[in-house]
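The structures come next, written out as structure tokens.
After this come two complexes, each holding chain A, first together with chain B and then together with chain C.
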Partner chain A sequence: MTPQSRRVLEVVLDNLVWFMLLAVLAIFSATIPNYFQPGIFANIIEQSTVLGVMSIGLALVIIAGHMDLSVESVAALSAMAASMVFASSGIGMGVELTPGWLVVPASLALSLAVGAAVGLLNGYLVVKIKMNAFIVTLSSFIWVRGLVVALSGGRSAQNLADELRWLAIQRFLGLPLTAYIAIACFVGFSFMMAKTRYGRHLLMIGGNEAAAFRAGIKVDKVLMIAFLLSGMVAALAGWLLAIRTSGATANLGTGMLFNAFAAVVIGGISLKGGVGALPGVYAGVLLLSAINTAINLMGLPAHFTQVIHGLLVLAAVLLDTLKQSIRKKLA
Partner chain B sequence: MKYMLQWGMVLLAGAAGMVNPAYSQEKGTVYYMVPTLLDEFQTGSVSALEMFLEQVGYEMTTLNADNKTDLQQSQMNDVITLAPKAIILAAVDFNALAPSVEAARAAGIPVIEFDRQISSTMSDFTSVAGTVEIGYVAAEQVERLLTEKNGAVKGKVLQVLGDPGDPYTLDIQMGFEEKMAAFPDVIIISQPAMMWEASNAGTIVSDQLLANPDIDIVFSHAAHLSVAAVASLESAGKQPGDVYVMSSNGAPVALQMIRDGWMQVEVEQPLYAQAAAVAMFMDKIVAKQPIEPGEYDVLGLKSVVTNEEWGPTIKIPGAAITADNVGDAAFWGNLQPPTEAVTPVP
Partner chain C sequence: MSEPLLVLDNITKSYGAVQALRGVSFSIGKGEVIALLGDNGAGKSTLVKIISGGLDASSGSMRFEGKPFAPKSPSEAKAAGIETVYQDLSLCTNVDVVANFFMGRELTRSFLGIKVLDEPRMEEQVAKAMATAGTRIPSLRSKVEHLSGGQRQAIELNRFVHWGGKLVLLDEPFAALGVEQTKRGLEMIRQVAAQGIGVVIITHIMQQAFQVADRMVVIRQGVVAGDVPTKQTNADAVIGMITGETLTGTGPVGGVTEGSGAQERNE
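Here is the complex of A and B:
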């Protein structure tokens, strides 16, 4: 293999998930009626908003060599907290602020505070008490969802203030403003991972925690921040979810954890830690949304959609595995 | 110290007395096996059953199966060992729970099916609105709405189901499509909102609005799915009434959407009446006395008891809620429980 073709192959492998996304979009556009239109592509980006943001937090912790299973429940709790305070129907208290736009930062602050609290608790138990992250965050996944049900009594809070709904309704270049928030998050966190000392430390800790410690990196502090960020980013996802659905129900976000995991893995993040970049995760999220949209448009019998969804995700992960084996051969 | 302990014991006894008032225990404990608490109808059923059963002298304990069939089976096994006066079962899976029903009845514990009918085995009483019948009522309303909108029963309906693993939604779909089969000019597009999750419903509506911009009606199988559907309509620049919206179960949020003009019809499940009927017949069920077929007045609703293959069954008609009758206090979504206490059927 010539150095030039090797370089081309490496570029393809580094960005395989983006090529997969393009291939999938091309195939669906050619074969599914009504798929090829700007509105559908805008929908795919819009649908990726919540899952995308949630996946960022999950990816940070996985890159650090740990796990955060609580992101879905944290998103639900933050959505419910913001909706209970600022929604006007159901169990919503309908709190109004003057001027009205203050509801945006106030609800966001409330949601982020909820996420920070759970993230810090997870981080403390994992980093300071040295408990297993899988067990700690699995427990949080359960108790936080339980708290959503307990707080809401199983009821919903609906009709968020117009100032919040504006973020979901107002469009710029065909996309709602919430989609830009998600894109900004990916850009910001990608920059953090690639260009800051904290990002590099996170990768090093995920690759070899003991070596990172010996190299003088404050492992505990970096990990605590990772769990804190994961909780807050999940809370941001919940806030966006509440805005998208104009409120919250007790089962809001159910099932998103597994999609977030699929997106992270498809995006090239190693579950062993220390490997991966966030742009790939965004491509993974877009890929899953593209598949979901295709299923929605194909008009398949309801019973088969989960089978097809699972198989398509499996195909995407198989391709990613193929990529890893080619990369090993190249090395 | 001794004085403090004595007072502590007195306070503890007083607190225990407040938690379990004597009048609600006079006839014993009944267990309610609720399929999930992530649904406003189910949450409402817990408080309604508790209230009506207390009025006729029973205490109720609720166990939540979290939509898991195996968990509900285990709960049934556990409850059978406690020998309660009766078990009220809203089955996660209509067929999978049949052996548990048989085991309870074999142990001498009467079993009452609430909201979700089990027809594959005998039960002591069944109180339902009928999930298939909800589909029928929805079909009648679609017929009316399409005629109103298009001048004839023709057009496109997007049917947003709940989780395809839940027989409840499949029964509604069956009833709805059975009736709609008479109208070949109506195209029905059916999509499941996995796990009954609202944002999944929103995504379906967003996608289908682009693929089928001429959708006339969005019919969701639960009110909370309609909330997300309406949010997607609003994001797509639609105004109330551009696309008709309807759903089933009668939750408070649906009634609010009718008042706001976004929703045209909500097919109500008569939650209060279904729960009241259980309380009205509980003494007879516990005493294993026969329940006479015929017409009964349940909270003002004419309801019919029939002897079916699976046992005595009361069917309480569901109602279509529209802008004209949305204020009716009888609808459970208005959250105004009946003030009049139910009395046992003699």
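Here is the complex of A and C:
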């Protein structure tokens, strides 16, 4: 193989998900009536908000060669915590602040603090106690969701303040402000991964932890921060979810973990660590939303979504394996 | 010979009742390439670990650049300028040459108050370092996973030299390389040594040792069984020292002397 064709193939492999997204959008636009219109595309981006943000945290940890299964439950707990304090009906305590807009930073801070606490605990157990990340975060996935149910007693909190709802209702260029928050997160974290020392170190730890350690990189600290970030970003996703649904239920966000997982893997993040970039993850999230929208438009029963998502995860992991073997042949 | 860089004086290492090293003494000069030879279990690896801070010696002492040297950890040895280069343990193959070169020491510049990686400046410095060392790598932006074993070794050695390394320990550096790559690797070691860096290379392949080393140090049963300039010996004599066909423990224990006893008996 010539160096040129190799380079082309590599670009294709690195950005496979964008090609897939374009192909899927083209096929749906051509075959499904009413698919091709700005409103639908805006809807796809809007639907990607919460899942997109959650996927960022998961992606960071997977790039570093670890795993964080707790993101879904952390999002639910942060949404529940914010709703219990600031929502006015159900189990909400309806705390009001003056001036009213203070509820935005206050609820965000509460949510992020919840996410940071779980993230730090995960990080501590994985990095310092050297427990397996899969097991530690699986346990968090279970007990954090348990905490959500226990705190709420299975009931819900509704009616968040208008100042919070405003973020989900106010539109700019056809998209709610929350969607811009998600896009800003992708831009910010992509910048961090590509341009800062921290991002570079995270990538190198995912590639070869021993080498990074021997080169003097503070591996423990970098990984701790990755778990912390993952928890806080998941909490931000929960906060956005609470705003969108104007409150929280005990089973809020159930099943999102696997969608996030699918988005990350479809987005080109390798499960072995050290491979992939965040823009691809956003494309992965958009791809999932595009498929969901197509299912809705075709009027298929919603349960089919789950079947298709399951198959997509499988396809994504298969694709990852395939890409690895192609890369090995390239090397 | 050049002035000693590292002097080992009567180093011993015991594991319980087992004595892995029973008093090893030799020295390494600046810009000198030493081949450390010996059969399996002779104590080479133990010795290398003691020099690079991975193990503590039971007794004996080392002097590095004239000062007492007793590293407690590999990072301490590294800070002093001594490092073991293991092929698979020192590079991140998922990032490019420049990123590997600056691993943990990335240059940054300020962009809107945020420190961002200064890629052009890093690439420039890597290109300069590679050019000085006479190493050619097609693109400094290719990921290391796409480079050959020889090129990877070149990156490791150049990185070591660039960051002020003074003594490098290479454990079977050519085990995974082909003929052509090995030849280039040997040339590279000579280039590294020419810059005043001490090189200790552990190898089983006698031919390589003769091609690259200034001096052969043979370890047998935990002592120096021979310490001879390459020019004054031959493969048969060295093999004799490794297997112990010559008298045991007759090497110059307790200091380096030119033209050792083992050498004279073999001629």
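Keep this in mind: the second predicted complex is superposed on the first by the 288 of 331 C-alpha atoms of A that agree within 3 Å, B and C clash if a C-alpha of one lies under 4 Å from a C-alpha of the other, contacts with A are read in each partner's own complex, and residues count from 1 in each chain.
FYI, a residue touches a chain if its C-beta (ideal position, glycine included) is under 8 Å from a C-beta of that chain, and two chains touch if they have at least 3 such contacts.
In this text the structure is predicted, and so the values were computed from the model without any measurement.
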{"item": "Chain B versus chain C as contact partner of A:72, first or second or both or neither", "value": "neither"}
{"item": "Which superposed partner A:206 touches (first chain B, second chain C, both, neither)", "value": "second"}
{"item": "Which of chain B and chain C A:245 touches, first, second, both or neither", "value": "first"}
{"item": "More chain A residues in contact [chain B versus chain C]", "value": "B"}
{"item": "Chain A-facing residues of chain C, complex", "value": "74-75, 78, 89-95, 99, 103-106, 108, 111, 114-117, 138, 145-146"}
{"item": "Of chain A, residues touching chain C in the complex", "value": "3, 195-197, 200-201, 203-204, 206-208, 210-212, 214-217, 274-275, 327, 330-331"}
{"item": "Complex contacts: residues of chain A adjacent to chain B", "value": "33-35, 37, 39-40, 43, 46-47, 50, 89-90, 149, 153-156, 158-159, 165, 168-169, 176, 241, 244-247, 249-255, 292-293, 296-297, 299, 301-303, 305-306"}
{"item": "In the complex with chain A, residue positions of chain B that touch it", "value": "37-40, 42-43, 161, 164, 173, 189-192, 194-200, 202-204, 206-208, 210-212, 224, 227-228, 230-231, 234-235, 251-253, 256, 260"}
